[in-house]
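Letters A, B and C mark the chains as written, and numbering starts fresh at 1 in each.
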Amino acid sequence: MAAPALFSKPEQGRPQDGRPYKLSISLRNRLNNIAARVFWLITLIPVGLVIAITVALAVRSAPILQSHSLVELFTGTVWKPFGGQFGFLPFIAGTFWVTTIGVILAVPPCLLTAFYLSEYARPITRNIMKPLLDVLAAIPSVVYGVWGMLVIVPFVQKTFMPWMSSHFGFIPLFASNQPTGFSVISGGVILAVMIIPFIIAIIYEILKTVPQDLREASLGLGATRWETITLVIFPKILPGIIAAIVLGASRALGETMAVLMVVGNVPQIPTSIFDAAYPLPALIANNYGEMMSIPLFDAALLLAAFILLLIILTFNVIATLVLQRILGRRGK
Amino acid sequence: MQPHIQVKNLNVHYGRTHVLKDINLEILPQQITVIMGPSGCGKTTLLKTLNRFIELVDGTRVTGQILLDGQDIYSNDVDVTEVRKRIGLLAQRPQPLPMSIAANVAYGMQIHRMKSNRQEVRKSVQHYLEVAGLWEEVSHRLNDPATSLSTGQQQRLCLARGLAIEPEIILGDEPTSALDPISSQHIEKRLLTLKDTYTTIIVTHTLRQAKRLADQVIFMYLGEVIEAGPADAVFNHPKVERTQQYLAGLF
Amino acid sequence: MKKKIHRRYLAEFVARVLMIGSFALVALILGLILWTLIQKGLPSLTWEMVSQTPKGGFYLGKEGGILNAILGSLYMAGGGTLIALIFSLPIAIYLNTYLGSSRWGNYVRLVLDILWGIPSIVYGAFGFIIMLSMGMRASLLGGTITLTLLALPIMTRAMDEVIRRMPTDLSEAALALGSTRLEIALRVTLPQMLPGILTAVLLAFGRVIGDAASVLFTAGYTDNIPTTLFRPVASLPLAVFFQLGTPFPEVQQRAYASALILTILVLILSIGSRLISSRLNKYTIK
């Protein structure tokens, strides 16, 4: 067949007899080659950008790494920029707490909703839900922050915290050590709401790659839909689900404004979900104004950004590779 | 002989298309009934109405009755999983579940809690793998993933898996169309040996396979049953012109 | 065959209730967010809010509006989206007409996905470093550049997804007729992907206009409408943030109104992009 040969070397295609092209073949081919090169160069921009961001942050945070040891920075709990003390542990702990709670709260509804949409819902329900999720994903983070301050924080302060501490207060995790609702749990709830549409969308995409025949194989043996989901579909897409959750977690890790507005911003290591915390992104955002006025402060803040970047890069690379593998198979 | 399945005034609509038109049939027990006809004639749809798979497709409407031992399987108080337990399906392409070979066979037994202990499950797994003619080939690697088998082996695994839930009826939707000739022969041989125990309904698009397997034949065209009856009669003395044309290979 | 009360159906029932429950929960949260915003924001949403810049004492509760922030956001997000388009369009076309699903193509997609995942605060910090090294101050230009970086991966991947859904037969047919890949890109792919481009542009615009963390470092804030590229510029998300930070209830009320304005803007963009993608898709070959 001639088609594959043409496909691999399109430059040799010839105009059909009697239908002359406006440009000569060699000119067209030259244009094509130049364009290919320009295109290729532009494609390098994203790659260059990732490298540039990493290098810039590394270089700018180097000064503090020269004067403080890594151990000192990562295990130190005292944050006194004026005294030259930069202990990142409270901020790392804050980030960890808020993100963990957000992910824990988000995962069950995400799985259930995605399964519902893909396995149970009628097309009309799906068509309603998709724009809804779009909208939820499109709401700016500062608006989530406003909502959190108006609804979640008061709810935590007036209802959830008193109830929890009177029933489960003996568990340190649920002890209320401060009177406000600006807390880890408020941040976690906001994060959960923010990453829910994101995770649902990915899991839904993965579920679409599960062949209908596989469902029928299980249903045909007399399994219920739920048995089919838990025994067949879930194990089949587990790697994808984990990747989706990791991506959601990395979204949560970097989320700044919404969390900053509800989490209290107290540099301490939280011990209860009702404690205030101070995650890394909030640290950067709150202090950018003074960062140039104190020695090493800018390096410290940019180190915070660098740490964040490294964690998120790792998460993203692994999860995206897994997902590319799963979703790439679609339609082939 | 009492019919095992009776289909009465069955109509299936998909959206605005009338897919099956006024189907009336009787399926006899312990025989192989072959449904044949040109592609798009509704034979697979008919098969899918028998185990209520048709309900999985959005926008289908089923009217009429399908009686299994006199009980309408579309009646509201009927449990669809029980219907599908009694009517096993062998699909066009083998579709192993994402688990080991042994777990595939045990899957149905476990969801229906048919066996009380592991020992029994293991025994049944061996039994049905033997019935499907696969035991010799896989006995030493029962815990390998089912996807590691060849397509032909996978189809026999699916047969074993279907038989393990002890159905009364086996549906086969062109069960050999994805297989090589030798594997097809394997499956056909199994179906012939199994027909004394089970009521078997096979959809096929190859006339030769129909002739090899059929005790009863249903010939469908454009959503209607044109002719149905014992294989001999339909193959050798077709009454309807359409059937004659089809058998002569005119379409 | 009769239905029985059975553990299997109990499990099925409970699971179904939970699923519909979480589905409803997600919908409910969205409703609750919108309702809260409308309830709190609508009372102070006046014509003055959107048509005037802050007057003296605005942050104490006196007269004025947030026109500075609205325009600032539109300038920065608009500029950023347009500049990003210049780069993302060729990348998306190159990915699909030249690279396809090749190894390098998938690397580029991976990198774009990673860029998409980098949080905006890191973009902000990066933009800040670049500006420092060039001796720039927080300005319209700085904010626009940072938002360009933010918009680039979102827009490119969105376009890429749309083009990838296009049939390959069409471009193969064109290749078989002797077109070069450049000609296919310009004559076949580009017209086909117009709705996709528009959708992607709106999507990216909606994302970057609501972003606060990146412009915090790079754009600054001012009460004036920007006249040059090198002056600081206000933005809607930061207007919300700063007004909320004041201790005066009147100003906080205005923060809610500003949040409502921002949300309405973003919702229009989101719904618009969906409408375009579903409507215009009808007229292209699928």
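Just so it is clear, a contact is a pair of C-beta atoms (placed from the backbone, for glycine too) under 8 Å apart; a residue touches a chain by one contact, two chains touch by 3 or more.
Source: prediction; values computed, not measured.
Asker: Among the chains, which one keeps its Cα centre farthest from the Cα centre of subunit B?
Answerer: It is C.
Asker: Could you say which chain's mean Cα position falls nearest to the mean Cα position of the entire protein shown?
Answerer: Here the chain at the core of the arrangement is A.
Asker: Using CA atom averages as chain centres, what separation in Å is found between subunit A and subunit B?
Answerer: Computed value for the inter-centroid distance: 47 Å.
Asker: List the centre-to-centre spacing of subunit A and subunit C in whole Å, with centres computed as mean CA coordinates.
Answerer: Taking the average C-alpha coordinate of subunit A and of subunit C, the gap between them is 15 Å.
Asker: For subunit B and subunit C, let me know how many angstrom lie between their CA-based centres, rounded off.
Answerer: 52
Asker: Where in subunit C do residues touch at least two different other chains?
Answerer: Those would be 8.
Asker: So which bits of subunit B are touching at least two other chains?
Answerer: As it turns out, subunit B has residues touching two or more other chains at 81-83, 111.
Asker: Using the touch definition from the top, which residues of subunit A touch two or more other chains?
Answerer: 224, 227
Asker: Which positions of subunit A touch subunit C when the two form their complex?
Answerer: 3, 6-7, 10-11, 13-16, 28-29, 31-32, 35-36, 38-40, 42-43, 45-47, 49-50, 52-53, 56-57, 60, 108-109, 112-113, 115-117, 120-121, 129, 131-136, 138-147, 149-151, 193, 196-197, 200, 224-227, 229, 247, 250-251, 253-257, 261, 281, 284-285, 288, 301-302, 305, 308-309, 312-313, 315-317, 320-321, 324, 328
Asker: Quick one: in the complex, what on subunit C touches subunit A?
Answerer: Listed in rising order, the residues of subunit C that touch subunit A are 8-9, 11-12, 15-16, 18-23, 25-27, 29-30, 32-33, 36-37, 40, 87, 90-91, 93-95, 98-99, 101, 106-115, 117-126, 128-130, 149, 152-153, 156, 172, 175-183, 185, 206-207, 209-213, 216-217, 237-238, 240-241, 244, 255-256, 259, 262-263, 266-267, 269-271, 274.
Asker: Residue numbers of subunit A touching subunit B in their complex, please.
Answerer: Against subunit B, subunit A makes touches at 122-123, 211-224, 227, 231-232, 235-236.
Asker: How about subunit B: which of its residues touch subunit A in the complex?
Answerer: Counting only subunit B, the residues touching subunit A are 51, 53, 56, 58, 81-85, 88-89, 91, 93, 95-99, 107-108, 111-112, 158, 161-162, 165.
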